[in-house]
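Each structure below is given as structure tokens.
What follows is chain A paired twice: with chain B in the first complex and chain C in the second.
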Partner chain A sequence: MEELNLIWMQGQTCDGDSMSVIDAERPNFLTFLERNKINLLYHPTISPIFGRDAQRLFNDCMEGKIRIDIFIFEGSVPTKEGYGEYFEGQDVGGMVRNFASKSMLTIAVGTCAAFGGVPAAPPNESGAVGLQWHGYTKGGFLGEEYIAGLGFPVINIPGCPTHPDWVINTLQSFRLGRPVLLDKFNRPKDYFEEKVHRGCKHCEFHERGIWAKNYTEVGCFAAKLGCKGRTTNSDCNIRLWNGVSSCTRSGAPCIGCTDPGFPVSMVPFDEETLALPDDVQAEIDARKRVIYGGESQ
Partner chain B sequence: MTHKLVIDPLNRIEGDMAIEVNIDGNNKVTNAKSLGFVYRGFENIFIGLKPFDAMRLSQRSCGVCPVSHGTAGAEAIEQMIDFKIPRNAELIRDIVLGANIIVSHATHFYFMWGPDLVDDSYRHHGLYNEVLNRFDPLKSDHLKSILKNARIPLHSVVATFGGKFPHPMHAIPGGVCSIPKHIELIKVDTMLKEVKAFVEKKILNGISIEEYMEIRSVDDVNKMMGNPSFANSDVGLLIRYGQDIGLQKYGEKSPNNFLAYGFGRNKDGSKLFKSGYLQNGKYHALDQNHISEDTSHGYYESEHQWRKPINGVTRPHPKKRGAYSWIKAPRYFGNVCELGPLARQLVNGDPLITDLVNAFGVNTFTRTIARLHETVLIIPKLVEWVAEIDLNKPSYYPFPEIKKGSGYGLVEAPRGALGHWINVDNSKCTSYQIITPTTWNASPLDSKGQKGAIEQALIGVQLANNESMVEIGHIVRGFDPCISCSIHAVGQNKKRINLEPSV
Partner chain C sequence: MGRKERCKELMAKYFGPATAQLVDTMTEEDCVDKCKQRVSAFLGEDAAKEFDEI
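What follows is the complex of A and B.
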């Protein structure tokens, strides 16, 4: 197996996605890298090298002296002048553009990198955008047309934070040559095809129309506490987090953190904010056309 | 002739930071500036949101210490109406925060601060191979075992109550929304006891936490060092190797004012680690009214006043003359303070740490020992708190909508005291100000000419040569900086020169 170089860089971030990914369990993150012969060139939180040694590495990467196979980016990209200085003579944008132009695979980890996330919420003083998306709109920092070396656009693995399995298993799929199918927001379908609602332990109450009117009450959180689980794509309740739980399982209504509209379209968190998902509505309409011959009822 | 040495990026911290120091002909640091980047404008994003939404998002300031941010936000909203949460909620908030403090300390010690111990410049030291065996970054089996046996199970504890880590969701105004069942509490208890056993076996090398807690003075430590198990434990190794490579000489300068907001609510209303302000060794009760922020050397619009955080504003001014940092300068009674585990334990009057500081002073060595020490202190407390949760009692009281009010939430984050200050009008936030521990520690010069704690700690340090970075790594990382949430904006005027001769 040929060794692959992975470089992990950050823009406007809280480090939460890194903190999440190093919680990977089977195997742990370090063992995963070893087994898959992935050479972690640099990671801002755990790499031993720093200062001028790190700058030398970045320069070597930018000049093409060191190959970048996988470029993982965490955090949004500030686009307003004066808000993006990063390393010597480089701003975040320049670094992203350079690394993205050389990588075989570019992965946006976390909602900020994928869609802009919290920093892109109004007033967005720094002009924050995601790598290839800004909310529900394609484009973002690298533009609609961007394609990495292997032929994929930026692969979005959102979440606030992202789930370690989503990141590690996506890398694993590529390593094993398995297909990685993307949804309309370029998220791997493997993890973002299902809704948070699926597998939620409160589904039974939803079916019976028993709504929790306040926190810690028995019932589904959707009607009165604004749970976004029915409209948010993520397999949280099938996969579980940290091996044991999920937001809704622990008692917290979903706030829709894997959605491109997070957080702007999700507030107020404690009220319902999203209509029936487009794809569900489309399916209803299509079926109606079959039954009623195009006259919607 | 003096040189300017810029260390950029100074990584293995949370966020983006650079350090700029001036060094004289003898390679001694004569001046220091701490610089940080990447503005996200969080505080201004929260203006106009409902306090509940702002609280949920304010947690996203930091992925390393999200528990403290979430808790501070909820407590700030509760403080507006002096709302008393149920005991179960106090317990669950403290268990989750305690678990986060342990994990954050362990991650910091082994993954962020520790790698400097195996810097190439120490390779001839007799203990180097032993230290490398445990701290070799990204490689040592010891680190993998810490991930597996401490970090991951403790995050499962957090997730049981908060759904996930990072950004657990349990703390809400009125208490916690967690709905654990008995079986989950039993699982949590088991996981905590396993972590305790792991720490005793692999970190303390066979010394039980009960035995460890008998160590209450430097004399006790010296006696314990006679026990080969303890001497070869990670703590024992740090004591032997750390003193040998001179960690006690790094970061000796401290403002000698220590601030802590307190952590861990005991049943009788007292705290596990108490709050307070220690000025030159004298204890004062905490009063948040004495906190104010200066922005004279920050990239903010100039003001002729120091603002209390409840009246605080964040108005970036990237081209301000004379500014060099994007961190504001908070002061207590107008004084610079040091925050963090060492400050927490000194304020708390912990006998070992107080004795240690009397013997060795404040430096990167004692800061690190204090961090490890309190990690051990918290573990048995968590087991106790879990046992106290009573599932027949509420963990949340319905919380009213707040139309108008102002409040503050003060908690301990792993790296020191954290406060959120919120004003609400018409049911929306009209201001949201966060002062993180790193804002204090990494603060720049204020209008009274006082430097921040990290800058002070760097001055006077002897470097091995005029390009040596490891000493600065020891010192700055010794404060466990968390830059993302401390910085309100990004620098653009910063000089980008690696090693520049200057006046």
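What follows is the complex of A and C.
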């Protein structure tokens, strides 16, 4: 197995996805990289190099002197002049295009990199877009035709922040020869096929129509507190965060952070904003009939 | 089964349908080498040996 070079760049970001991935456990991020012979060329938070050394590295990568196998981008890409378009003295857009054109895998980590996210919300003064998507529309910064050297489009691993397992396990799949299947928004199906609703400890209240009216009440958060768990794809309540919890398990409604429409389509967070798709409603009704022998009150 | 079809089958097995589709952009002559190079880089020499039989 050859050593693979990974470069991790950031655009308009709060650094939350980096923090999340660095907090990975079993194994931790650096151990994972070491075990899988992945050489981290640069990461804005944990790399020891910065300034001129970093600029030299970027130039070598852009000129092809150093191979880029995996390109991870965090944060949205600004497209208007004067809005953080430079990083370590380099033009972010030019660097992204260059690295993406050379890499075997391009991965957008976090909702901002995947779909534009928070910086792309109105009024979007910086012209922020995701790497290959802008909300629900394909295109983004690299354009809808872009594919990386291994044949994949930008692999979107959204979340605000992303779950460290989603990133590490996706990379691991490519090191183990385990096929990676993507959904219609180019998210790995392994982690984004289920709804957040699945595995939520409030499910039984939902099925019985017991709705919480405030955060401390017993009941489902969907009807009165705007939980988006029934329409948002991610395995948060099956995988759990830090191995023990999730937003809904800790007493907060899901705000739909892995959805391409986040945050615009999800606000106001505490009101129900999205109608249930027919297939979700049918599944919920079927489950109610099996468990309780009738519809909810 | 042609060389490209065999390459597509192996690439789908290792990486999934997205990589298998990439083989369509290759020729019958260069597909084995290009696929072998990618498999070798990500999965190692043992996995890449499968391409020697094509």
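FYI, the second predicted complex is superposed on the first by the 272 of 297 C-alpha atoms of A that agree within 3 Å, B and C clash if a C-alpha of one lies under 4 Å from a C-alpha of the other, contacts with A are read in each partner's own complex, and residues count from 1 in each chain.
In this text, contacts are C-beta pairs under 8 Å (C-beta built on N, C-alpha and C of every residue); 3 or more make two chains touch, one makes a residue touch a chain.
No experiment lies behind these values; they were computed from the predicted model shown.
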item	value
Touching partner for A:I255 - first (chain B), second (chain C), both, neither	first
Partner chain in contact with A:A121 - chain B first, chain C second, else both or neither	first
Chain B versus chain C as contact partner of A:N59, first or second or both or neither	neither
Which of chain B and chain C A:N242 touches, first, second, both or neither	first
Which of chain B and chain C A:M19 touches, first, second, both or neither	first
Chain A residues touched by each partner, larger count belonging to chain B or chain C	B
Contacts of A:V92 with chain B and chain C, given as first, second, both or neither	first
Which of chain B and chain C A:V180 touches, first, second, both or neither	second
Chain A - residues contacting chain B, complex	10-20, 22-23, 25, 28-31, 33, 40, 44-48, 50-52, 54-55, 75-76, 78, 82-89, 92, 118-119, 121-126, 128, 160-161, 214-216, 236, 241-253, 255, 257, 263, 267-270
Residues of chain C defined as touching chain A within the complex	11-22, 38-44, 47
Residue numbers on chain B that touch chain A, as the complex places them	7-16, 37-42, 44-45, 48-50, 52-53, 56-57, 60-64, 66, 107, 111-112, 115, 118, 137-139, 143-144, 147-148, 151-152, 155-156, 158-170, 172, 174-180, 184, 187, 316, 318-319, 394-396, 398, 467, 469, 473, 484-485, 489-492, 494, 496, 498
Parts of chain A lying in touch with chain C, wherever the complex brings them together	1-2, 4, 69, 104, 147, 149-153, 174-177, 179-182
